[in-house]
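Once you scroll down, you'll see the structures, which are given as structure tokens.
Shared between the two complexes below is subunit A, which pairs with subunit B and subunit C, respectively.
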Partner chain A sequence: MTLPAASQPADAYAQLKSEFGSMTAASFQGRMAEYVASGTPIVAGTDDFFPELFTAMEVPFYFVVRQGLELAFHVGKGPEAVDGYNELGGSSSLCSLQKAAAYLLMKGRLPKPSAIVMTSTSCDGQTAVNEMMANYAPWSDVPKMSFDASFEKDEASMEYLGKQWMRFIPLVEKATGRKFDLDRLKEVCEESNRQTRLLFDFQELRRAVPSPVRAEWGFLAYMAARWSGCGRPLATAWLQRLFDTTERRVRDGKGIDGVEEKIRYAWFDILPCWSDQLFPRLERELGAVNLMDLYGYSAPWPVIDTSTLETIFTSFAKRFLIGNPMTRQIFALSTVYGGDAVHIAKNFKCDAILMPSHVGHKDGAASHRVVHDLFREIGVPFLVVGCDVFDERYMTSDVVFNKIEAFFDTSGLRR
Partner chain B sequence: MNVLDAYLERVYALVEEMRERAALVRVYQAPGIPGTGDLPGASDALARLTEGLPIRVGPGASPGLILRSDTFLELGSPEAGSCSLLLATDTTRLVHDGRVTLVGPEVGESAGGSLPFGQVLMLRGAGLGEKDLDELQRLLVVAGQIEGYMVRSAPGNVWSRVSQEAAAKGFSFATLGRALRALVMSGSPAVEAVEVLFVTSGKADLVPLEAAAQQVRKIAREGTRERWKVKGYDIDCANDCSACGDKPVCDDIRSVLKERQHIDESPGGTHAT
Partner chain C sequence: MSDSIRPAALKALLTAAASLRNPELDAWTSAGGRVIGYYCPFIPEELFLAGGFLPFRMRGTGSTDTDQADAFFDHLNCPFVRHSFDLALRGDYSFLQGLVVGTGCDHLRRIYDNALHAPLEASFVYLLDHPRTMGSEEEGAEPIVRYYREQLSKLKEALENHFGVAVTVPALRAAISLCNETRRLQRRLYDLSVAPAPKVSASERAAVMMAGASMPKERYNALLSEALKELETAPETPGKALARLMIVGPAIEDPAFYEVFEEQGAAIVVDDTCFGARTVQALVDEEAPDPLTALAKYQVVDMPFCPKIGGSHAHRLRFIQEMVARYRVDGVIAQGYVSCDAWGCSYALLREAMQEAGIPYLRVEREYIHSESGQLSTRIQAFLETTGGRG
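Here is the complex of A and B:
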């Protein structure tokens, strides 16, 4: 559908947002309560390792940490879950999102799955939640498989992980009663390939000066392709419309509505749950536009090779280890993290890089000195904030704003 | 003898193998431009090194984004295949400064197409070696520095676009090779010579290059680790349990949890109630 140029942006994006809401509501995650009520077998995982498999088998799947978002932070109950976790005596250094997930687990608020898949990841908090899930007494009868991801990123390492993951298929079949069909998985993977291509094409449009859309669209696009609509044609069509609408905006030289872009920066971590308290204010008061966040950008997603079951699972391993932004950057040498940051700074013409240094991201925090040195080499100002991107009580959005404002002032970027 | 010299020789051997298989091999030579040591500044060096090119090279040369509809040719997409390799040495005989070798079709012969793309940059300079690869790689973040050329990808491969406008101006692989040479030589005074190989002939021709690239990445990683260690940083983290001093603690916790689970699941245990 071609919209008249004058009415295009606001109308088109409002429509896209509304459709995204409907897509999420119809997704496995959105229908979780319905599955629990009907006794439909569910699989739980500790990351989005291979959502294509669950789409192909029509097996409802949830990603444990995302439950912390959906059942706690997104419904205003994050602080309650974090405090509840602290009262249980858990480690204070855990990421708040993981605290919420752990609390929901221990309080019996996570849907009991029929099978659990776990894999070592970049997130130490996730590893702690893995252990809790594996040893949670009410789930002791749930079959679980835990896999080992290699720190190396060569072909042999990808095959090593892919071969392990393939062993999960018979377990899912047995635990859920659903039959695995390789041809159906291939179809879903082809659709997923189209989605990740569109996802990357869309993210790159934000290189344009001025930036055509807010950074939140990057995260929504990621969610559509990887979480809500992975392998489903409806999500592909949505991503295509998002791309087309945004490309027209770039061609017309239009920036974010109502914002005069003066400073371009990247928020090099997960977008905060309190984004709406911070980013619009930075735009409005300083003309500072966020171009990028951890999930709003990634390296090009490896294409799933659908030749055989083995190549499909090796491709899943590649996607997890070098596509998934967090694993790619943190489950690697510090210079990979820094190298990606440098690429983003240069390719997106960033005037500055903000490292939120989320309290839970200890591996990332350990790399800050290296990244700081790299940015000094390329002459891009760099600020470490030190906030909690989930629990605003740790550092309020006002304090974060003040830090950023002072940083822009002292760096001579405010104009 | 530099540890990367064997890979430089391997690259030359691969080109000969491709030539013997009747692949179309073209060799371009940049005009005789001496090293940049006698030039007063990087921008002057860049101007000299890019003299006569049909497009601009340097900061601000391009807005940095080429839309799909403005694209003349796409190179190295995930579907078509891509491989990128950077080699550095101080062995004089191994790098022929200014030489650009192309195996496969030229830009002008591929309108509207998508080609596989192999890019090998071979650099020479006093003392250069594997420890320098990471730093030199950053000079290859083209961003908006080559008019009509956009590199889309993150480190590790090259997925790029050539614009219709640049193609109309005569942008070729000889142009790209010279532009990359200019960016590297003006960005690092340590680099005295640059030779470039591009492969667009087919995905199969990238396979042996990728095998070499994987080995070089491992060597480069060790070099990078050593280089940062000199600066006082340990850039690796020991994710391997066997290397962790706390392993006995984790082992104890695991055995306690296992015992606990056993108790919970036994008749009269927590779980049974």
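Here is the complex of A and C:
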């Protein structure tokens, strides 16, 4: 996501943001060009199923769909990649991020991995990208494993997925030449547990009125714990400082600097790539503060049980299916999706919930009635926006702003 | 063979597909028979048959709009899902005592949520967790087959508990045998299209296939057997089609879609659709020690898959290429709904494969109710020129 230029309340947040940038640059993702240049074996996958494993083995990993952000939308080439995908003859309604990733893949712009891991979550688009990866001719010689995720969430189902995933370890060892060490994995998992605990604690601080930070900080915290610094003490320390800084702000009763908080809302989807054009304007003109987004919301995360390799992988399955944002909501019943939104509305004292209903999220589009009725029961106004959170050409930020402004007016929230 | 001399049995099957209710279904329900609706060929109807139910594959036949369903689903959602759910909301599926939905795709599985929320009339609504990948060469499919077998077992228990029936092993074996017989007969139906001038049209064949999931299976097999006897011995139809086409994609329930091709002189001789040839290619193992495992294996490994199942592209491509060769296909039509990411994305890979194989390929996006004949006719005309009329 593009982060708003105006940083959070005080210099401490500017410092945290700067450190976050350094942490990202030093992460697997940030060093990808270096790995390619040095011929270091890389693993690719269609989601971050078990980032702890790659940290423990020091095997560079990249999340294919995320490359649509890093190599297209974040560098101003999103529309070009989306249009390029459309010319390949694929699904015109596919999520634009997945379109961008698929285009980069098919045009040979992604680093060739030494091994590929795929799992049947979380949406049809993800399965489609899996298929494109599995059948991309220049990668036909790359060993791949494709795993089945259960829709059920009972213990047996988690073991089912965990046991499948465990079988990826020998393949990674063979493909990369790196040795797997269970003790090291346990250490990384313990660190990861500390991180997800901090994610949750930080989230709980954000219940405060006025809100101490913008929603983007929830997303940054998620990225630090799961993408950039999973299982690394550096990221844990960063999360701790974020928590401490924010706790002080809450204790002092301080809201976001320069914002008179009048309306509290949650944007219950991915933060848009065009956040800069929307959220600062909502703050400035309406005093409307975004408290939460989909990735910034921690459910909380299940703890990794480090007793044995089996318990670790079963925990990974639990984390992915019931902790990981989006997978948790999409690959589950509508009542889970709606229930999380209701939880946010109630516990973060939201005046309204905005459901962006990103065009790629078909399951969400089929849940509106269930979610709408849940909100009617609790009396919190609820708006379905219907935008594309990556490609602004679908619905401009001006149109989205106007919709939200009118919604706040008709709901009697504008003060 | 002109319409006036069509076998009576064939006419009965065509009638059965033309609407949701049909005389055979009505006779079943009048006699107190129970009906379970289900979405998708991934859900084994053998399980319902073994419990004494009539399995009815959900369709949107007769739907004219989605006004009621649109309160639950968005315009981004699959039109088939919206049309069939709309009929259910209007009470057109009041003959169902149960509804089983699979977790196959993002659109379909939300039918379960919305069916409970609406709620629908059926007293038994069940979500079957079926696998979304075939596994990989390194991993194999065994764990997935085992998992699906457990899910089928849970569905079996749920049916038994809710309806007070027993789904026994002998009953499952009998149901597998009955359904295999249906598959064999349906394969013979497809074989009729190997001839230069197929003896049944694509719209007729599609209707017969749909009828197979809309009436008591024994009666269907008897009618189809009778129809085939007459069709197979009927004199060859003179002439030949301008081009022999294969159609790929989600189920086509509206015969008008096929007719646009036929009006242009093309014959759709085979397909890879959800009601079509894919579902009759393999048989369930009747000798397997555990019938539930046999059903799970059939669903996970043996039946060629639609693209919502990960790892299925290579299998599907092989199936399409086999059909192209067996039916001497001149061109492939890839059709589907705008909202269907699974099929839509697979077409980028299919287009590439067809180009490499030198097989003419046309992509068509459509709505559930066919309404764009003029535009489609023009595209088909242009496409037929590229096939060179090799039929």
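In this text, the second predicted complex is superposed on the first by the 406 of 415 C-alpha atoms of A that agree within 3 Å, B and C clash if a C-alpha of one lies under 4 Å from a C-alpha of the other, contacts with A are read in each partner's own complex, and residues count from 1 in each chain.
Basically, a contact is a pair of C-beta atoms (placed from the backbone, for glycine too) under 8 Å apart; a residue touches a chain by one contact, two chains touch by 3 or more.
As the structure is a computational prediction, the values presented were derived from the model and not from experiment.
K.L.:
In the superposition on subunit A, see if there is space for subunit B and subunit C together, and answer fit or clash.
P.N.:
Overlaying the two structures gives a clash between subunit B and subunit C.
K.L.:
Figure out whether A:Tyr160 sits in contact with subunit B (first) or subunit C (second), or with both, or with neither.
P.N.:
second
K.L.:
Classify the contacts of A:Lys77 with the two partner chains as first (subunit B alone), second (subunit C alone), both, or neither.
P.N.:
After superposition on chain A, A:Lys77 lies in contact with neither partner.
K.L.:
When the two structures are overlaid on chain A, which partner does A:Ser334 contact: first (subunit B), second (subunit C), both, or neither?
P.N.:
It touches subunit B and subunit C both.
K.L.:
A:Trp301 contacts which: subunit B (first), subunit C (second), both, neither?
P.N.:
A:Trp301: touches subunit B, not subunit C.
K.L.:
Looking at A:Asp124, would you say it contacts subunit B, subunit C, both, or neither? Reply first, second, both or neither.
P.N.:
second
K.L.:
Is A:Lys349 in contact with subunit B, with subunit C, with both, or with neither (first, second, both, neither)?
P.N.:
first
K.L.:
Tell me the contact category for A:Leu94 with respect to subunit B and subunit C: first, second, both or neither.
P.N.:
The second partner, subunit C, only.
K.L.:
Where does A:Val370 make contact in the superposed view: on subunit B (first), on subunit C (second), on both, or on neither?
P.N.:
Touch status of A:Val370: both partners.
K.L.:
Have a look at where A:Asp201 lands relative to subunit B and subunit C in the superposition and call it first, second, both or neither.
P.N.:
A:Asp201 contacts subunit B only, not subunit C.
K.L.:
Just one of 182-190, 236-244, 308-316 or 344-352 in subunit C hits subunit B in the overlay; which is it?
P.N.:
Stretch flagged for C-alpha clashes with subunit B: 308-316.
K.L.:
Please identify the positions on subunit A that touch both subunit B and subunit C, taking each partner from its own complex.
P.N.:
Correct list for subunit A: 120, 131, 135, 151, 333-335, 363, 366-367, 369-370, 373.
K.L.:
Help me check something: in the complex, which residues belonging to subunit A touch subunit C?
P.N.:
88-95, 102, 106, 118-120, 123-125, 127-132, 134-135, 143-152, 156-157, 160, 163-164, 167, 171, 330, 333-335, 357, 359, 362-363, 365-370, 373, 386
K.L.:
Which of the residues in subunit B come into contact with subunit A in the complex?
P.N.:
Touching subunit A from subunit B are residues 63-65, 67-69, 78-79, 134, 137-138, 141, 143-144, 151-157, 159, 214, 217-218, 221, 224-225, 228, 231, 233, 235-237, 239-240, 257, 260-261, 264-265, 270-271.
K.L.:
Going by the contact rule at the top, pick out the subunit A residues touching subunit B in the complex.
P.N.:
Residues 120, 131, 135, 137-138, 140, 151, 154-155, 197, 200-201, 204-205, 207-209, 247, 250-251, 299-303, 322, 331, 333-336, 339-340, 342-343, 346-347, 349, 363, 366-367, 369-370, 373-374, 377-378.
K.L.:
For subunit C, which residues are in contact with subunit A within the complex?
P.N.:
71-74, 76-78, 81, 103, 105-107, 109-110, 112-114, 117, 127, 129, 131-136, 138-139, 143-144, 147, 150-151, 307-314, 338-349, 351, 363, 365
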